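Next, two complexes with chain A in common: one pairs it with chain B, the other with chain C.
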Partner chain A sequence: MNEEEIDNKVREFISKKLKVEDARLAPEIGKKKRSWSPGLLREVIEVKARAADQSMIVRLDGETQETIGWRYTDRAIASRTVNLSKEEAFELAESEIEIPFDAEIDSVELLNRGTPGKTYSVKWKHIVDGLEVEGDFIVVKINPRTGEVISVTKNWSVVT
Partner chain B sequence: MTEEKNEIKRLAKDIFEIKAKLVDYAKVLLSIEYYLESLSAKWANVFSIFVKGAFVCADPHALSNGHLPGAYDEGQQIEDVLERADYGVTLIRHPASKDDFLTNMSNKSIVHLAGHGSVSGDVYFLFDDGNIYPADIRAQSSVPSLLMYAGVCLGGANDTMANAFRDKGTKYYVGFTRTIPDWDAKYFDDLVYEKWLIEGKSLRTALDEADDIYPALDCWVLWED
Partner chain C sequence: MNRSEIRDIAKEMIAEYVTLTDKAYLVSLTQKHIKITQDRKTPGAVELQKAWIARFIDDGLYKDAWIELALDEQGKFLRITRSR
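Moving on to the complex of A and B:
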């Protein structure tokens, strides 16, 4: 996949995520950075993009160009207070990303982030033939107060 | 046309003068920085937000032989990032006593500890000759003005240590609510500093983004204003 194809892929992804329907507001692709991620044990392409007054960071696998994570850095949604329960956080996380058939829920935690704020972390693990695939996970972070997804990270191996 | 040329000349002269003034201000700021460095510890701490000094303490072994190879490497790595961000860095690695830590912590903007920590009511840090408790921090005349990064197990298990630093004037305290693996901590901490000081993100965003790609350390807590 060349640079232009990567840009188009990110544009399409962001339009979908940020629900940009007006073609005139097509996402602008910003800074692109390739770096080795010790956490994900792979090269990651990090792309910043903006659509209208919203922005995101999208992470792609450096080798396969598969989308492996995203973070909403600036959203145009009106601020609201919903105070999500754990169950609601789980449901929201499930609706944000397609969960693979061999994923098993690991935990739904309300993490203390100090002053101010807390974050829901919904995690799945990868189970193959009853065994956990080490290092594989899907994590969806949610703001419990506003009920917004903050970020998604997927580290999922193909097990043969 | 001649009038326009004169106007341009006049503007160029103004710009030149402004530039010269900015250089003069920069010199004054620099001399203030040198002056602050020569002040007494107490007063220097008051103004230490202007002095970019950092202290990195890596791999104190604690009373038992608790060598942490990841923390040892982390010391060098964090020093490199801080230096790239124009901090003057003091780095000490094993052996590191309580006194080494408390003395070097004085008059710094940033203090980074990569080592052992625990909790027994209060959070405490472990050094080669004993432990440092929140009461020891409260007894200091100078604490880091910007950040105390407790890259140790359980350094954020509760707010006792964070409050000790923050009550004395530290703006940010980062700790972890659980035990943290040595090598994971090294990679995570480095990523945080890189995003914060080099990429210019806020400390909270830097922690959030590091956590996105390094969820093994998702138990971080940031106390801030």
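Moving on to the complex of A and C:
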């Protein structure tokens, strides 16, 4: 996949995520950073992008170009208040990302840090033959007040 | 090798790689799969190896300083990592 294809993939992802329907508001692609992930043992690409007055960083697997994470860096705070329960946070997280067959839920926690305020952190670990794979996890973070997913991180290896 | 034997080996082996203070202790010993790759320039699908991870805390170095020793199933050294 060349640079332009990567940009288009990120544009498409962000348009869908932010529900940008007006073509004039097509996401702008910003800085692109490639780095080695010691947890994944491969290169990852982080792309900054902006659309509809909101900014995101999208993380791609450098080898497969699969989207392996995203987070808002500048997000308009939703006015609605839903006050999610732990169970609802878990269900929302599960619906946000396709959970691999060899994933096992690790924790659902309400953390006292994050932006803004408290954050639900729903975490899965990678289990192969009954043992955890070091460094592999999926974490979905949710704003408990608004019920919005604020980030997804997937560090997941394909095992031979 | 059983857990108890691995624990004894880890406690003995750690001193060969780092100098611990008298405030060091073994906090956990867990079996995990660790990832191995041959060359970072040719990343591919990951191979796994079963390992024992012995985690030591040494509050004498600084608060919550940790050192992790990874051993294979026969108790042989694989790697060492530390918090700083």
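As a convention for this text, the second predicted complex is superposed on the first by the 146 of 160 C-alpha atoms of A that agree within 3 Å, B and C clash if a C-alpha of one lies under 4 Å from a C-alpha of the other, contacts with A are read in each partner's own complex, and residues count from 1 in each chain.
As a convention for this text, contacts are C-beta pairs under 8 Å (C-beta built on N, C-alpha and C of every residue); 3 or more make two chains touch, one makes a residue touch a chain.
Not measured: the values here are computed from a predicted model.
Enquirer: Going by the contact rule set out at the top, does A:K123 touch chain B (first), chain C (second), both, or neither?
Expert: A:K123 sits against chain B, while chain C stays out of touch.
Enquirer: According to the contact criterion defined above, which of chain B and chain C contacts more residues of chain A?
Expert: B
Enquirer: In the overlaid three-chain picture, which partner chain does A:E12 touch, first (chain B) or second (chain C), both, or neither?
Expert: neither
Enquirer: Between chain B (first) and chain C (second), which does A:E104 come into contact with in this model arrangement: first, second, both, or neither?
Expert: A:E104 contacts neither chain B nor chain C.
Enquirer: Who does A:E91 touch here: chain B (first), chain C (second), both, or neither?
Expert: In the superposition, A:E91 touches no partner, neither chain B nor chain C.
Enquirer: Using the touch definition from the top, say if A:R59 reaches chain B (first), chain C (second), both or neither.
Expert: In the superposition, A:R59 touches chain B alone.
Enquirer: Which partner chains sit in contact with A:W36 here, chain B, chain C, both or neither? Use first/second/both/neither.
Expert: second
Enquirer: Determine, under the contact definition given at the top, whether A:E3 touches first (chain B), second (chain C), both, or neither.
Expert: Neither chain B nor chain C is touched by A:E3.
Enquirer: Touch check for A:V158: first (chain B), second (chain C), both, or neither?
Expert: second
Enquirer: Which chain A residues are contacted by chain C in one complex and by chain B in the other?
Expert: The overlap between the chain B and chain C interfaces on chain A is empty, containing no residue.
Enquirer: Note which residues of chain A are touching chain C in the complex, please.
Expert: Residues 36, 41-43, 62-63, 128-129, 131-135, 157-160 of chain A touch chain C in their complex.
Enquirer: For chain A, which residues count as touching chain B in their complex?
Expert: Checking each residue of chain A against chain B gives 37-40, 44, 57, 59, 69, 71, 111-115, 121, 123, 137, 139, 141, 150-151, 153.
Enquirer: In their shared complex, at which residues does chain C touch chain A?
Expert: For chain C paired with chain A, touching residues are 30-35, 37, 40, 43-48, 50-51, 53.
Enquirer: Considering only the defined contacts, which chain B positions touch chain A in the complex?
Expert: Within the complex, chain B contacts chain A at residues 156, 162, 173, 177, 187-188, 191, 204, 208-209, 211-216, 218-225.
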